[in-house]
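Heads up, the next two complexes both have subunit A, just with different partners, subunit B and then subunit C.
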Partner chain A sequence: MHSTASHPRATRLRTLALAVALALGSFAAQAEEFVVGSQIPLTGSLARVGNGMLEGIKVAVEVFNARNTGNTIRLEVIDDESVPAKAVAAVEKLAADKVVALSGGYGSNLIGPASEAAEKAGLTYVTSGGVSDELTRRGLKHFFRINNNAGYAKAMAGLFEEMKLSSVAIVYSTKDATEGLAKAVAADLEAHGIKVTLHAFDPAITDFKPIINKVRLQDRAEGIAMVGYENDYVGILRAAKVLKPSSVKAVVGVWSLATAQMAQEFPELMPQVYGTAMLPFPVEFKSEAGRQFATAYERLYHKEPDYLGQFGYVQSMLLFEAIDRAAKNGTLAKGGLSEELRRTDAETIIGQVTFDANGDNPHFSHRMGQHQNGKVALVWPDAEATAPKQFPGVPW
Partner chain B sequence: MKPIAPVAVLAAAYLLVPLLLGGNAYLMTLLVSALIIAGIALAWALLGNLGGMVSFGHAAFFGVGAYTSALLSMQAGLPVLLAIPLGGLGAALAAVAVLPALRLSGPYFALAILAYAHIFRILATELKSLTGGSAGILGIPGLPTLGGLELGSRNGQYLLVLTVVLAFIALYRAIWRSDYGLALRAMHDSEDATRVVGVNSTLLKAAMLFVSAFMTGTIGALNAHVINFLDPDYAFSGAWTIVPIAAAIFGGYRTLGGPLLGAIAVYLLDQLLFKALFPSGHQIILGVLLGAMILLSPNGLLPWISRRLQRRPATEVRHAAA
Partner chain C sequence: MTELILQSLYSGLLVGGAYALIALGLALVFGTMKIINLAHGELVLLAAYVAYTAESQFGLNPLASIPFALVIVCASAVLVYLLVSRIRVNRELNSLILTFGLGIILTNAVLIVWSANIRSTSSAWLQDAVVLGPLFSMRSEVVFFVLSLALAGGLWWWLSRSWYGRAVRAVSSNRDAAKLMGIDPVRTELVSFVVAGVLASVAGVAIYSSSVIQPALGHALTIKAFIITVLAGIGSMPGVLLGAVLLGVTESLTVTLASSALQELAGMVLFLLVLFVMPNGLFGGARRRG
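Our next item is the complex of A and B:
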């Protein structure tokens, strides 16, 4: 009796166990590890920015794999040593290693040839490290980027327009990305009736006093726009601190300026200086996705995330999600990843991202931060602002 | 080396390498990059050995050749295979600007030519309407298909660059063995003495400068059509001078094959072995290796190998006698 009474229950249990085992088995069969390649400069002239982006890419792998979507990502990284030929070789090595796509690249001069090699290999290539307009003009089928020159120009010009300045002197490096951005900002400001003077400088120069003297005595500009890199900003601000151009009400730069690192390393030069910034410092995220990124980043690197990590994270996460979707709908093996990525329409921690026919993100617009009392506050646009801007205000 | 050795090396380079490694685009890319460095190293060694000039500015000729060929093929619509030697001629023409520096010697010449490289970089940046300025040029046409051989493929690139480098070795050898070569080598011992016997040393040095610039410019042009990209920082990078010098010294810059051997050894060891062991900082091992080579064999790798090969038969003879 006992046995007959318990038999159906035992059968049901066995059936249930079998069903669970089969379900797990089929899940395990479907779950797959995809290898994503990253060709990125970890040594050479772009080492600092390349390493910063890689941190974000690794955080994306960590966060994506923790989601248990059924598919996981493994990263294969090759240092391109900031050399174009080695960037091409890295892409070809990764293609030979059968990666499904590439996330990485920094500097338009490396991304250009590397993404062409990826195109030849039929590999999807997503980046945030090159803002040159030339990259998307090529019309490559497998090239994507989440940021562009237009988004930087929009933020810089938007801030100046909000300040209602009558004249701006743009001091820019003759490098590729900086020159393009300077011209775009100039066109935008002139369209809004702001008088613009342009001062180009060779990337090798370190003494900016002659240029600042022109701004002070000849232009009598109300704003200085700096379009360069860290060393250029430091040189320009040092020269301005010596010469104290009295007409200037605001000094605005772009990337790598409104950062915690600059606040800590140059406390005497940074007060009230503006720069593009996706994050305030100390870091503060309003969205759940942002907090998830920051938590994972701090757990991995024991420091607060920066904009490089943030961009690397977003580009990679969008790619991983597209891989997951393509794997599930069976198009990944048929070369459908780029089409899947092109269908992206996501609200991310850098704003909305979609891709046009050339792989560019038409929604990209940067935010502007300002150094305020050793911190970085977001001050533009109003919707993202964490503090009002201190205007007029200069470091001298 | 026995006479059979060069034939075996050539057969291996033209047949075995494409057959065995042709399917691996990564390895072929590394070989093409190594051959590009070999070409510059050879041109640098020629100027040093025959012209008696130490150059720190070969990047100038490399960049001018690259830009000339890229612009001729893109803007003038010339076929790539014609634009490449014209790139070399462009570099030789640019060497005319360097002629005043021939009055200098030793470190003064080296520094002067370094300044020329910097001047050409600035010119490429400033001549925006022609060169695209700092934005550079993307989408430079690749190598074409010739007689059914796709030169734009990795195998095709390898075979073309290899052929050009070997042709330059043959040119170098022909000059070395000619009367001019004899006069040039005599100039090393005493330039005044060779002048006394009627050698126009300035003319010969200028000729070697033009030949070296042509070779470097041609290699720069080839690289532009392999990488399909140029910007002033890349085309005139100091790396196009420093790495070939290191490769030439490593391989044996006083020999014909030393720069080629040195470039292949240095580049492949660094990229395939040292980089795999130390993804970041592998260049340190390369530096140590170069230092060790200079201590072990100041004349470089090829003379060291030659000595070893010559010693072995002698040993065998002694064994036979015993």
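Our next item is the complex of A and C:
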């Protein structure tokens, strides 16, 4: 009795399974896999930031493929070893491998020649790793980026103006992107009546005491702006902790500073230091898209996401969505991807993104974070703030 | 302005001490065996990462990690020598290629093991300010400057007074003649590499204690050490110390009197100027006359 009754149910189950299998089979037949290339520094001087961005790109692949849009993305990665000539070679190899577009690149000096190589191959190149103004002055048709110097300068200058300081010493690395940013911040501050002194330094220097001594004895500045990279910040802050310039009320840096890693690795140097930050630490996302990114990131890497991953994720998701749209409307094979990407108008986890004729994102504006009690709080602009800023305040 | 210049001279002196520590090992091997060990900077870096591991994993002060760094770096130096010693033809040139390759391997090994993140000591004691009137420095800089002087003195004594030191000099002068005098050149050269490893160990811990380390740093350290070695005059230990301090002070004064953007350029101008006036380096001429 029992056995006879189970027969019709088993038949129904088999029929259902067959139907599902057929449906999936037909769906799989329609789905197409697109290969996206990534030329990115995984070794050499930019290894840390390159690896950070790649994590975000891989999360984007994971999230996009899980959406079941009918198309999937596969990533082909080549390490450019932080060398411009190898970045060009990587792009040429990826073009030869017939990738449909490129997402990656770090450092304006690498992105410049790499994106020119992509342009020659007719490949769309999207990045968040190069903020130099020169990159978008070249008039390339296939070059896109989601962040720029203007957005960083606006945030740094905005914070200083809110503090109502009378003078700021800008200590900056002579690299292309940092020099451009330092000069943009200087122009903005001077336009608001703040006295600015500029101190350029060679990227190879490790002892910042002679520079900070000038700030202490000659400039007597109320604020120090650091425009460099992590190793520079550590050197500058250590020199400042030794020399203790008494006039200084705030120390403000730019990228890679207001991060969980810096809070954990250099707890004695970071208290009350400011830096650009898209996320507070511990990470807290208000939007559903942000939470989706954070969940996927934590699942893949077992750690909290950082800004490098966040930027890598956004640039890649916008590219993958454009590939999907272009594939569906039949323009992908006819070189229509860049045009499709240019039509982007999306609210993302770094804010609104659109692209102008030069591939730049005119909406990009950063936020400022401050190290407070081992955490990073967003303190500027007011609309994004998670805590009031601790001002005046310096690590010494 | 006086205060600025005094601080600049003091900073330059301390930086010079650190440069000397990095360069002494390279100068020893270069001076005695005519081998430019292009992996020397990576050996220094390896010692720095050993200090990082000892501090972050076991809570050891970087100074206490020197014995561990000695074991690992000296073993690596021996390995480098064993590979170099297999070169039978045109050793001076071929060793360049070999050690350059070993440097790349070491850099990537460091990257794989320790990741690309920047590292530095968290020891408050080493980072504390030492104030001598108008002069400021970190304690680590003073400690390693003194250590650098002691090691340079010790090295000078070893080369000029000890049996092995004399053997090293004999092998460097004439390998075959030294062999006839009963000196084993292989063992002597091996000892040179081990001593260079000892110097690299202390240099690495010094860098970790007063600066920031990352996997790509090794190559830059080798270049700096090579500049100082040539500036000093091949094989001159006092020359290394003087050349390193001269370079440190020049760089530091450039920051104070001109711009920090010109610091590296000033170092290179000094290098070219010295070689133009004294082609054998600061102490090379005296050696030749002797």
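Just so it is clear, the second predicted complex is superposed on the first by the 367 of 396 C-alpha atoms of A that agree within 3 Å, B and C clash if a C-alpha of one lies under 4 Å from a C-alpha of the other, contacts with A are read in each partner's own complex, and residues count from 1 in each chain.
By our rule, contacts are C-beta pairs under 8 Å (C-beta built on N, C-alpha and C of every residue); 3 or more make two chains touch, one makes a residue touch a chain.
As the structure is a computational prediction, the values presented were derived from the model and not from experiment.
Of the two partner chains placed by the overlay, neither subunit B nor subunit C lies in contact with A:K328.
Of the two partner chains placed by superposition, only subunit C is touched by A:I205; subunit B is not. Look at A:R291: by the touch rule set out above, it reaches neither subunit B nor subunit C. In the superposed pair of complexes, A:K141 makes contact with neither subunit B nor subunit C. Of the two partner chains, subunit B and subunit C are each touched by A:T43.
Applying the stated contact rule after C-alpha superposition, one finds that A:T174 touches each of subunit B and subunit C. Of the two partner chains placed around the shared chain by superposition, neither subunit B nor subunit C is touched by A:K375.
Of the two partner chains placed around the shared chain by superposition, neither subunit B nor subunit C is touched by A:K195. Once the two complexes are laid over each other on the shared chain, residue contacts for A:N231 go to subunit C alone; subunit B is not touched. Residues 43, 174, 202 of subunit A contact both subunit B in one complex and subunit C in the other. By the touch criterion given at the top, residues 3-4, 7-8, 11, 14-15, 107-108, 111, 115-120, 122, 124, 127, 129, 136-138, 211-212, 214-216, 220, 251-252, 255-256, 259-265 of subunit C touch subunit A in their complex. Contacts from subunit A toward subunit B in the complex involve residues 42-43, 77-79, 83-86, 88-89, 92-93, 95-96, 108-109, 112-113, 116, 121, 132, 134-135, 138, 174-176, 178-180, 202.
Contacts from subunit B toward subunit A in the complex involve residues 24-26, 29-30, 33, 36, 122, 125, 133-136, 138-139, 154, 223, 227-229, 231, 233-234, 239, 271, 275, 279-281, 283.
The residues of subunit A lying in touch with subunit C in their complex are 43-45, 47-48, 50-51, 82, 174, 199-202, 204-207, 209-211, 213-214, 217-218, 230-231, 234-235, 238, 241-244, 261, 265-268.
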